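Common to both upcoming complexes is chain A, partnered first by chain B, then by chain C.
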Partner chain A sequence: MKHYHPPNMGIMSGVSLVFIGTAPRVFLHQSTEQLSINGEAAWLGVLMNSLCSLIMMLIVLFLINKLGGDFLSVCNKLVGKRVSWIIQLFYSLIFLISAALLLRDYVESTKLSALHDANYQLITLVYGFTVMIAAYLRIEAIARAGCFVLPFILVGSILVTILLYPFYQIYQLLPLLGNGFKPLLISGFRGAGYNLLALLIVILAPSYQNVRTMKVCFLWGLGGSAALKLLYMLVFLLTFGVEVGMEKILPFFEMARLVFVNHYLQRIEAPFIIIWVMFGMLAIALSLYIAVYLARHILNLTILRPLIPLLSVLTIAISMLPENFDQVTKYEGLLLNAEAIGIYLIPLMLLVAYFIKGKDEKCSSE
Partner chain B sequence: MDNKLITKIISFFKKLILYQEPALPDRFVLQENDCDAKALDSGFPQQITQTLEELNTLLRYAYRLEHHLETVVATLRQGKRVDPQIIQEYQSLQKQQRENEPLQLGYYDNSHISKDYPVSASLKENAIVLSKLYHLPQNTGIVMRPFTIPETPSLKAMLVYMEGLSDKKYITTVVLKPLMTIQSQKSTSSDDAIERIMKENIPNGKTKKTSNFRDIQQGINSGSVILFLEGFTEAIQVDTKGWEHRNVDRPVFEQTVRGPQVAFGEVLAVNTSLIRSLCRSSDLMSEEFLLGSRSQLTAVVMYIESIANPSLVAEVKRRIKSIQTDFLVDSDVLQQMIGDHPNSPFPTTASTERPDHVASNLSEGRIAILMDGSPFVLVAPITFFSLMHSPEDYSMQTPYSSFIRVLRWICIIIALMLPAVFLSISTFHQEAIPTDLALAISVARDQVPFPTFIEILLLDMAFELLREAGLRIPGILGPTIGIVGGIILGQAIVAAKIVSPIVIIVIATTGLTSFVIPDYRLSAAIRLMRFLLTTLAAILGLVGVSVGLLILLLVLCNMKSYGIPYMAPLAPKTITGLDVVIGGPAYRQERRPDVLQAKDVTRQPHISRGWIEEPPEGSDQS
Partner chain C sequence: MLIRIGLVVILVICNAFSLGCNGSHEPDSLVYIVAIGFDKAKEPGKIEVSFQIAVPRTGSSSEGGGGETKKNAIVITIEAVTLAEAYNLLDSAISYTPTLSHTKILVFSEELAREGLQDVMGPIMRFRQYRGSMHVAIVKGTAADFFKNNQPAFDITLSKYYETMLESYQESAYYLDSSLHTFYMGLKSPSGQAYATLVAVNPTTGNGAPADSKVPEGKAETYIAGDMPRQGGNKAEFMGTAIFRGDKMVGVLDNDETRMLSMLLGAFDKGFVSVVDPLEPKRSVNAFLGLEQGPSIKTHIGNGIPYIQVQIKLEGEITAIPSGIQYEREEYLSLLEEQFSQVITERLEKMLQHTQAVGSDVVSFGFYFRPYFLTRLEFNEFNWNDRYSEAQIEVHVKTNLRRYGLMMKTSPIQGK
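Now for the complex of A and B:
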């Protein structure tokens, strides 16, 4: 029987994984939500939640640097096996539900943008099958495919923002504080939950050479995704403004649709379908894979692949539960709270545990 | 019958539900070199090896001396006169004793024989040195032929040459026959014996003396034969070059405008010599394997010992050795036996008919696998990107070859995606095309009774049929029928309003671009994937294309060719020379591809063109 070994991965793979894991909602309705909460200061909210997630990841890296091993072994050492088991179950469930809701989000977006008449169950099945194949081929293939998709996303994004230049209205960024400081602060902190999947680097720590490599992956991955989100938010604000922007369900699609350079270069949203579908599928597969990886740990299994078809079917089933798009948004709001616990509370709890007992060399699950 | 059917159905569902990971070992992954650790460890064992080799040399000398003394004692006890043979042996021993002085032995490190190592007076020592230099007996290319010159006294000699590079008939006629039938009464023990043999017994215009193994290796690797004589610290080099060249044939499938125009044939020895004629390195290894219990054909694994990664070589040899079949007659069948993904349409080895292509791959640290009777040589490991390189890229000026490479990549995208994208846009996303064009497409399709998908499928199949028929029809008729058939069929099919003219343009462009892909098997794989993408496009438009592309990308990223990632050097990102998509000039190719984990990573120094740092002759330095 083959035992599962985490593969060896380099900086480029790590960066692409973090980027894919943290930026998929940029093609969905995240920007509109930010806009409705923070108004003109939405871009500041994006900046804040990216900075918060980076700080939390650096805290987890600090713990791994001190105690060695990966995130799961750090949990074992600091809070004991039973609590660690609960933490793993919590993260596994969050990643599984996140994969399911992201899948539903992409299905709804596909219906809204590319395939108005298609049956949503057919799209769900096709996407679900693709995600299952991606997860089945494991993290190495996802990371490498991400390396290929990433440049197209960056070039495409920059191209759209440049081509929209004639529509920019600088005054739409004012007032800078938008709806005020309080909602900015709350949404800025809470939004860090969107970046929870960045934790995969420390969950898969044995795949990376050392803590320095992981730090570079966090800095470039989170930094890159923050830059992309920031760019989109700014361009979205500059182009549509708060009032019109709040009406747009798919900001990126609407921005690409607005492009008009001449008779032959206009409405370029169709080619971008290829990019954002690929990006979304990779992100869902990544979330599912980490959920499966944690489930393997929880159930103490030697192999991982047999769980993938099972959890893929579960993901598809969960994604079909919400009755409509509004319900998806509602559940996503609830999930964001849980993700915020995952990104703030658990790492801070581990940090406190480290300072209470972690410095002692005997600190272990025993 | 019923029972069997029910059992089959139950076992099918059992397999489906109770999934079990196949009990296979982990797949081979080429690990990174541990050069630094080796460098740290190398000091002490090397000294021991050197001392051991010195002791072995002295021991061999002692055995020889003991044997000589026993012969002398036996002769004297019998009351006979000491014959010239014994005197000759004594003189040889004297010379060997001088070679075996400790200082001399220490200077010439036996464990790592340098090229300047001198010729020994002992034939046996020379044979040992050659065995080490050419990695005998694994390396089967070198021939060592001991014989005796019937002079008075008789003289032991040895001929050494490279099979395939030297003309065997010429060696027999010009070197071996005159020496073996010599009738001279002059003593061979005199110091001028070599000069005399060269002048009187070898009827060849290009004959010279050599005294070190640097010249000897150069001679052997260039097709000369080397004659060693017992008791002499010099050898005779006779020019007997005789490898196959130019008269073999021109490449059929890999034709180029520039560069060498030689292709492999069906004879294994000729093929190995063609490679050796382009890569005259002493450590170009060729190891033979017998394949097929009934076909009994020889396969040869060739690699450059000082460059190729030992784990990689061992893995390739392990795979070949493990084959158990009765009939294996072609290198492409061998590829199916040893390849990493035999079920994938994408090739994991390059199959080439060009010796220059093989030689350049060997110099990068890859391995060539030749089979007797097959004009195609396998090269492994390869990456997707290396399959997009053509041998001609290196013969043209780099800006042009880079342009052609970029064009090739555009062509592969068109060959893969054009029908699928056309189908998606014309059926699902009409807003993506300008109104005029949309109207033109609509008018062209006005009287066509089929949906676009059927149109594309019909025409694509017809194109594949014409291509296949063109290949099977012999001689010049093939392409002619292809062209004529294409024109007639195209016109008729439009006139009959079965397909629209724009679909003909799409399929013709797709077909044309698929022929630009340099590797035939890669081109076939792309054509196959095109059908898959077109079908997905018919179901979900661009979303289907996107899903298909992603699955294809994931499968390619998961593939390995003999332990190295198929999509390297981009995924995973590895260090490589300026030779992935955009090619750089030859002097910029400083490193071998990192992904091959070659023993020697550096191909040439940072500044390989020494002349740019030197002042021109006669110029004023001030």
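Now for the complex of A and C:
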């Protein structure tokens, strides 16, 4: 039986994976939540959490540079196999639940925007199977599909930004601190959890040539996703302001459907729905794939693929658990707290362990 | 290989289900509601909703081959508790499936608007078939009457009529285009208030009723929708602006005040302006003016009082000098420019006094006070919408007449 071995991947694949993994919620209600918490300063919150996540990723990269191997082997070396096993389980569960809630979000969003007459279970099943197939085709397929989707996302975003120009009111970005410094600080740090999936680069470290390659993937992937989030947040604020913006459940959909240039250039939201669903499916597949990858490690299995259908069914089942959309957002809030632990606490704990064990000393696996 | 084929089959099935075919409708199974009107019903707690529906396959109000007038729309009025209920009831009155996806305009009766639009606006913003690019208008009288009397004089579809009518406001700025997006933003904003286009049915008897906002040096009479002295044409008329405080309509701006509002909003593209000839007061002078640049609005707060300084720069060309005085010459030109500046300043001040009297900041001056506050809470405590009436507003207008039409100078008519 062939042992699973992470494939070799290039910088573009890495960048697209980080981008896909960290930006999908920008098409959902993430901007609205940021707006509710930070008011006019929501864009500063986005900037803060992107910077925080980049710093944390660079810390993890520093550890990999010093100790070699991938994130999992670094955990083994610094905190021992048992704690490392718990850490892997923690991340695996987070990525699985994140995939499930993201699936539910996309199902709800497409039901609200495009497939309003379709049966909710049917959409979930169709999306679930699509995700399963994407994950089954493995990470290279997801990365390459991501490379195809990215230009459409970028061009579409720039197009909407330009076409909404007549609605901009620059003073809607003021007062500068929005709801105040305290919520900005808290949400700025906490929101870094949205970028937890960027860790996939160090989880799949053997796929990349060296630490420099991974660093480039982080910088461009996280930088690109931060730029996209920032752009959407600014355009959303300039167009809708805080009072109306807080009401919107699908900010990007609302922005796209507001475009009215003339009789012939209006109602442009339909192509965007297709693009963002494709993007969302890839993000869910990626989250699921990393959850499966970690599960393989935890269970010490030699192969990965048979786990994919199992965990896909589990993802679909979890996604159907929340009774309504309010519950979904509540669970997502809880998940974000766990993701914040994943992005801050564990890397910092590893960093402390590294300094305690001695920088120059080669850490053992026990 | 078998697995791959299986995957391809599943993907194809997934594609088929995730396309929009789910819940699709054939275009000829739908009827398109072009406009929706809201009137107060006789029974308390109810509204009368009028749907102006495009008639499939005709789309023309011109005479048909058999001498029969083709209708391009029908109007159905339903009394119901809510808009959603009226929409449901409409389905029982027509064989096609009604859709709002191409609705162009929402028309509220003045009576309803003065009582408040909160209850009506709620479902509109939540339902996916509405979009921000729809237009909002307030009608003098009832919306049902307005729809019945709205017979476009030219061979044009109703949707195109509403679209072109509201997009062509820039030709005169005697009415403004208020989209559902801007209207709703105005309702919710702590930095200003909402406004909407004013429409009405004109009896077309030729007897008008001028509004009373004319300034001494201004030559033209001012009107609001329905009061313009005219005969012939479509009875539907767009003129003036309905202004709001919160969700309640509190007043009306006539065509001239509306033009002043458009200047302050930076939306005044061009329009003819007539003033008294400064050297021969019995005659008038016309110019075709537009904004040279967006308005400059500066604010400050002194001793708790908000101060606003507005600078408007206009430019344009002289279009008529009936007196024959050579205003094209430099020594006279500044006199004429000063006359235009003075008239526009007075009109602007009059309009602002009007809006301050009813406490409706339709210009959204509140936005310009935002830089003085660090947090949202501080700005909300400033309570701009309630303080607008006490603001001290200073207006400066500078007019530059750069061109004189196709004439270098006016030669006198011989024998006069």
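FYI, the second predicted complex is superposed on the first by the 363 of 366 C-alpha atoms of A that agree within 3 Å, B and C clash if a C-alpha of one lies under 4 Å from a C-alpha of the other, contacts with A are read in each partner's own complex, and residues count from 1 in each chain.
The rule is simple: contacts are C-beta pairs under 8 Å (C-beta built on N, C-alpha and C of every residue); 3 or more make two chains touch, one makes a residue touch a chain.
Since the structure is predicted, the reported quantities are computational estimates derived from the model, not experimental observations.
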Which superposed partner A:Y165 touches (first chain B, second chain C, both, neither): neither
Which superposed partner A:L115 touches (first chain B, second chain C, both, neither): both
Chain B versus chain C as contact partner of A:E40, first or second or both or neither: second
Contacts of A:L282 with chain B and chain C, given as first, second, both or neither: first
Contacts of A:V244 with chain B and chain C, given as first, second, both or neither: second
Contacts of A:Y127 with chain B and chain C, given as first, second, both or neither: both
Contacts of A:L177 with chain B and chain C, given as first, second, both or neither: second
Partner chain(s) touched by A:H263 [first = chain B, second = chain C, both, neither]: both
Common ground on chain A, meaning residues reached by chain C in one complex and by chain B in the other: 110, 114-115, 118, 122-123, 126-127, 130, 133, 137, 263, 266-267, 270, 277
Contact set on chain C toward chain A in their complex: 7, 10-11, 13-14, 17-18, 20, 22-23, 125, 128, 131-133, 160, 163, 179, 181-182, 184-185, 188-191, 364, 367-368, 370-371, 373-379
Residue ranges of chain B in contact with chain A within the complex: 19-21, 23-26, 425, 428-429, 431-432, 434, 539-547, 549-551, 553-555, 557-558, 565, 567, 570-573
List of chain A residues in touch with chain B within their complex: 1-2, 5, 9-13, 110, 114-115, 118, 122-123, 126-127, 130, 133-134, 137-138, 140-145, 147-149, 263-264, 266-271, 273-275, 277-278, 281-282, 303, 305-306, 309
Residues of chain A defined as touching chain C within the complex: 39-40, 110, 112-118, 122-123, 126-127, 129-130, 133, 136-137, 167, 169, 171-172, 174-180, 240-244, 247, 254, 257-260, 263, 266-267, 270, 277
